[in-house]
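Next come two complexes, and both contain chain A; in the first it sits with chain B, in the second with chain C.
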Partner chain A sequence: MNLIAKQEKDGRYLLMGNEAIARGALEAGVAVAAGYPGTPSSEIIENLARVTTERDLYVEWSTNEKVAMEVAAAGSFAELRSLCILKQNGVNVASDFFLHLAGSGTRGGMVIIPCEDPGALSSINEGDSRHFSRMLEVPLIEPGNFQEAKDMTKWAFELSETLRCPVMLRSVTRLSHASGNVVFGELPVTHHKARFQHDGFILDPDTGMISSAPVAYRHGLQQEKLQKAIELFETSPFNTYTGPENPELLVITSSACNLYTKEAIQLLDVGDRVGLLKLGTTWPLPPKLLGKYLATTDKILIVEEVIPFLEENVKILAAETAETIGIKKFYGKRDGSIPSVNELNPDLVITALANILELNYEGVAAAYTEKALPLAFLNAPVRDLTFCPGCPHRASFWNIRTVLKKDNREGFVCGDIGCYSLAMLPTGFSTTKTMHAMGSGTGIASGFGQLARFGMDQPVLSVCGDSTFFHAVMPALVNAVHHKSDITLIVLDNSGTAMTGFQPHPGLEVDAQGSEALKLDIQAICESMGATVQVTDPFDFKATQNALFEMLQIKSGVKVLVLKQSCALSPEKKHTRRFEMSVDSASCLGEDCGCNRLCTRIFRCPGLVWDKVNGISKIDDAICSGCGVCASICPVGAIEKREVA
Partner chain B sequence: MEKQTIQSDPYNLIITGVGGQGNVMASRVLGNMLSNNGYTVTIGETFGASQRGGSVMSHLRISLTDSYSPQIAKGRAHMVVALEPIEAIRVLAQYGNENVKVLCNTRPIHSVGVISGEQKYPSQEEIQTWVNDLSSQAWFINATDEAMSQMKNPIFGNIMLLGALAATNELPLSIDDFEAVISETMTPDKVQLNLAAYEKGGQMLTQATASVSG
Partner chain C sequence: MQMGGSKELKEQVLDKDLCTVCGACVDLCPYFKAYNGKVAQIFECDLTQGRCFAHCPKTGVDFEQLAQNYFQQPYRGDALGFYRRITAARAGEKLGSGQFQNGGTVSALVTMALESGLIEGAVLTDSEGVKPVPRLVTQAGEVLDCASTKYMAAPTISCLNQAAGKGLRNLGVVGTACQLTGVAQSRLNPTRKEGFEDPVALTIGLFCTWSLDARKFQDLLADRVDTSTITGMDVPPPPAEIFVIRTHNGTVEIPLPEIRAIVPKGCSVCPDMTAEWADVSVGALEGSSGWNTLIIRTEKGEQLVEKAVSEGYLILDAFPDSSLENLTLGAGNKKKRAQEKADMEEE
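Moving on, here comes the complex of A and B:
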């Protein structure tokens, strides 16, 4: 029995925030869930996908976030409760449809959950999607602990059904990927019945056609829904206050920052001086509730991640009610009390509180820091991120780098989003030179590929993973083919959405639920688009380098090289070794070789280490995955591979 | 001799190591053992870089009353469990204090900078001296090598460290709690292997303690 589908009411379990969200959706009787995998959101869909049979659900990993939201919306239009899960900055991808959905309204409760990554712990941006709620005019709620992650998810479906509009629930890494104790509620008995009513009066939101037009009429309805949301938010139990009746300082916060602020107040022991207003409903803000607490003091600190969204909205309300609540002194991101970038933590909130309340606080004792910091700084080697041992990307970028050097025209690679983003670092031989959103590598390459007319004579390459290919590269590739852009796309096909945990994608024969799915062939797609396509194994250096070099010499049009080799951590490869590797100590010439220690200094697989004592390279058996690639690197053939029987 | 309560509320424990060592698994098992015993547990994890050679940490907050921040405040750790020795130093510099205790695996994992020869990795003796200097009590066991030689898989090193942690008597942990948690997800043969690793870890800690006091 999967933990999140346990019937037991009032059971108390240690759950990841994402598991708590999934449980909340089950308690709400969700019928359709769709998303695109990505940190820190993936476990929500993964957990729901495991219980599709016992909980009567349809769950899918969609091609991208916009499609995921459309799939979920269809569930809502057919009177089912539906869920759309988005990774950090996923709202951006879905936002075009989201705007129209906000205007058209929904039927069955529909909840949209972006999980974001303040501090970019596993991203290359720290985008904050909360502004979308104001921009698209949909209600926004934010859980402030693990229990609320479950409870507010369940409530979000009810709210959406009451308001007839999508509700956005925002989580962050420190909730989604953290764990805490959650008490379960009841799982409903569900008999899902889907039916789309479309032949009623055209303007009837429940029986007529569904659209955001006529705009003036529907936009008016949308605003009425927001007014109703405000009324409900005024008395929501998810907005809580703890502290004295008239605090010296009022802190207004939401989400994970609630936990940081609680801890800061406790560590400074200022519970009798500071009030904490934790908001679960963060847009539109309930003005009466805010007015009541703003009136209790003159000093307000707003603690939030990442941009000053809450701060600005509170200030608007404060300005509108200044006559009754009086003039306030605000602290937050805009005056620098709280850092304007990166994630927060208890210490940053302590610093802000200590400054405002004129207190002294010592985190790590000065005497301790004096001995510990130099030890750590001088002796703990920095751990640069690196491709895993046996990773096909290391071999792929080695091949690309080698061919670009041989080609010798200062060719470059436009990068994309996935594990292979690391190719901008030494682990990928610093091969990629641009790095933006999913699919952008090929879009940018398509543009570079037109610049020969202005004298640009460098070969233009782009890379993408197999999942990214379907997500956003296909339209860019169509553009490049159609406009005869002179580019080479390298698809790093490792047979799964590897970075986020091997979720299936349209190139595989299985779907999120484990059912058989129709597999789309990347090679055939590219060929049918009109590209010149070759497929090689990146572990085969000679074939891959020859194919790529040939492609770079073709002067016009789109070339695609598919490099096929599964991820070293894929379930079929993990804990298995194809080769036993060893270094022949008699053959390895070490520093005298003239290779400049190519294997450990340049190739730098973590499974290969420099044995300082003996002055030769050696294999680290605890790390080596036995892929055999490094045997092709050594110029004197000192690295030996022996096939494991 | 099992302790029935925690020494501080919240009790703050950090498990640190390198991506791929099983940090997340160790923290979940430990968290579930304590949660099943009625404690309110909060775990904060950094696993964005978990498979890619970066330093990783799990913060465990153990309380009788409340959920805490998934990030421990600086200088407030009670116990650091290091799956990799130099990571102990890195974590102590941020979260350590004169009273902190450390349980340390002695098997190093070299960063690419060390592999390439650009950076130096300190000797085991140096690291032990520093850890002792930065803690009120420290235990060192070679769990990875023991797991490699006896169980043919370095991942059991984590379980040995959990067994060793229980044997420090710093937290209310028992092998029955451990068995209950792993039985939820593992097949019976795997459970037996893990129980053996857990027990071995306890024995290694007892030996390590004896050699220090002796």
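Moving on, here comes the complex of A and C:
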């Protein structure tokens, strides 16, 4: 039995934030859950997918976030409770539908959960989706600990049904991926019955058609819902205050920052001087509640990550109520008390508190830092971000770089989002030269492919993964084919959404629930679009390089090269070795002219190590995955491979 | 002699567009590769001294050292370099017929050298379509495949580097001045590489006033003719000022200024028309199509020619005084122009 589906009420368990959210959804009786994989959100769908039978659920990894939100919305329209899970930038992908959904309203409770990544630990952006709640006019709630992650998720469905609009519940990495104690509530008996009523009076929210039009009427309704939300938020138990009646400083915070602030107050021992207003309902803000606490002091510190969203909204309320609460001194991001980039931690909050309260606090002793920094710099080995041993991307980018350099026309690759984003770094031989959103590599390439008319004579390439191909590359590819852009798309097909943990995608025969799914063929799709397509194995250097050279010679139109080789960590490959590798120490040239450590200096698979004492390369048997690729790069054939029987 | 590594080679030659694609730096290591008439550095190498730099004919050649090593004399800067004698030559009947540019002297000498075992392989330049491609020939019968001038820069020496890397020795090399200057430098093991063995047993130079940028020339050809119908190319002597392409469908003439516009910059600083650092050098003989000018430079070259004549591979004839005058003038002018150009570059 899966932990999150345990019937036991009142049991206390150590749960990851994402597990707590999944449990909350089960306690709410969720029927439909859809998402697109993205750190730190992926475990919510994964956990729900494991209990689909016992909890009578439908769970899917959708093609992209917009489709995921649409799939979840259908559940709501059919009077079921539904959930849409995405990471921060996924909200951008879904935002067009989200805008219209906010206008049309919902039926069954619908909760949208963005799990965000302040500090960009697993992202190439520090997106903050909270603005969407204000921009699209939907309520936003933020759990401040692990118990709340569960409880507020359950409440979010009820709130959505009361208000008849989607509710955003925002989590962050340190909540989604950290663990804490969670006391379970009851799991409901579920008999989901789906029915879409559409023949009633056109404006009837229960039986009419569902749309954001007529706009003025529905927009008005939407704002009434927000007014109702404010009333509910005024008395929400998820907004809490701890501290003296008239604190010297009032800290207003939400989400994981609540935990940092509590720790900071405790470490500084200023519980008698500082009040902590933890908000669970962060938009729209309840003005009476805010007014009550703002009036208790003159100094306000707002502790939040990324954009000063809470700070600005609090300031608006403070301006509106200045007559009654008086003039305040605000501390936060705008005055530099709290850093404007990167995630926060207790130390940063301590620094802010100590400055405002004029305390002498040394989080880390200066003498320690002085001693530790140079030691770490001099003694810690350099550990660059790197592709795994046996990763097909290393071979793919070796081939791409080699061909582009030999071709010698300053050709370049537009990158994309996936493990292969690392190709902008030395591990991918610094091959990709642009990197933005999912699918953007091919869209940008499509544009570059039109610039020959302005004298651009460089070959234009883009790369994408197999999951990204379905997510957002297909429309860009259609654009490139239709407009006859002269580009080559390289699909790095490693048979899974590898970076986020092998979630299935439309190119595979299985879905999120482990059921059989219809597999879409990337080669056939590209061919049907009118592209010239070849498929090679990136481990076969000769075939791959020849194919790419050939494509670069075709002067117009879209070429697609599918490089097919599954991820070294894929379930079928992990812990297996195709080859036993060895280095013939007698023929290894080492640092001599003619090689100069090509394998350990440039190729740099972690399975290859440099033996400084003997001046030769060696195989690290514990790390080598036995892919055999390094045998192809050694200029003198000193790296030998022997097929494992 | 100044020493450097790949970084200096890239900065001083490739980035300055001075590379003539001789191939001297190619395939010595995994870093320098040639593809379709261009040399590129694939990955960075951080050695401060490398054979790539030391063998390159454009990084500064120590003529004094070459003269001492190959001719045991101080370098004099003569228009035609060091030589023992100059003669008119053409292939003898023993060779058989082929698509020769002129008299077939090179094909005759290489065939004889292979057949007699003087060399075990010859590094030549073949073509694929119109593209010149380096080729290692080990059978005398294959030599004629590679006959006739290619007019395009070819990384021929990469083929020597590959063969030497595989341990082959006693090789003959046929090449132009830049190619054989690279070879001459490499044979002196300038980087003092351990266990070095000279893989070269014979060098045959080809006269060259310029070659053409392979990619630009292929584009130009594709513009003017169906390249699959080309049977030969030629530059008739002055005052013609044309480049002639012979095809199955007749001849196409291209004005010489259009051709000169696609000569690599590296050729304009080359001081060597007659491939001075070779055992023998071969070119056209003005006014006598079907004959070659043959410059015999070394004792080994002398022995090769004598043997070729005695075995019926080669026929010699007297070299007219007027031809010597013109040849000396032409080669001297190239030296002068190169010097001027090089001075300008330095300024």
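The rule we apply is simple: the second predicted complex is superposed on the first by the 641 of 645 C-alpha atoms of A that agree within 3 Å, B and C clash if a C-alpha of one lies under 4 Å from a C-alpha of the other, contacts with A are read in each partner's own complex, and residues count from 1 in each chain.
The criterion applied here is as follows: a residue touches a chain if its C-beta (ideal position, glycine included) is under 8 Å from a C-beta of that chain, and two chains touch if they have at least 3 such contacts.
Given the structure is predicted, the values throughout are model-derived calculations rather than measurements.
In the superposition on chain A, contact of A:633 is made with chain C only, not with chain B. Contacts of A:250 after superposition on the shared chain: neither chain B nor chain C is touched. Number of chain A residues touched is higher for B, counting chain B against chain C. With both structures placed on the common chain, the touch criterion links A:122 to chain B but leaves chain C unconnected. In the superposed model, A:369 makes contact with chain B only, not with chain C.
When the shared chain is aligned, chain C comes close enough to touch A:401, but chain B does not.
Using the contact criterion defined above for the overlaid structures, shared-chain residue A:414 touches neither chain B nor chain C, since it reaches no partner.
In the superposed model, A:583 makes contact with neither chain B nor chain C. Contacts of A:594 after superposition on the shared chain: chain C is touched, whereas chain B is not. Looking at chain A, you'll find residues 601-602 touch chain B in one structure and chain C in the other. Contact residues on chain A toward chain B in their complex (touch as defined above): 12-14, 39, 117, 121-123, 145-147, 173-175, 177-181, 256, 259-260, 262-264, 267, 345-347, 350, 362-365, 368-369, 371-373, 375-377, 379-388, 419, 422, 426-427, 569, 575, 597, 600-602, 604, 606, 608-610, 612, 620-623. Residues 28-31, 33-36, 38, 40-47, 49-51, 165, 191, 193 of chain C are the ones that touch chain A when the two sit in their complex. Of all residues in chain A, those touching chain C in their complex are 401-402, 405-408, 429, 549, 591-596, 598, 601-602, 633, 635-636. On chain B, the positions that touch chain A within their shared complex are 18, 20, 28, 31-32, 35, 40-49, 51-55, 67-76, 86-87, 89-90, 92-98, 107, 109-117, 119-122, 126, 130, 133-134, 144, 148, 153-154.
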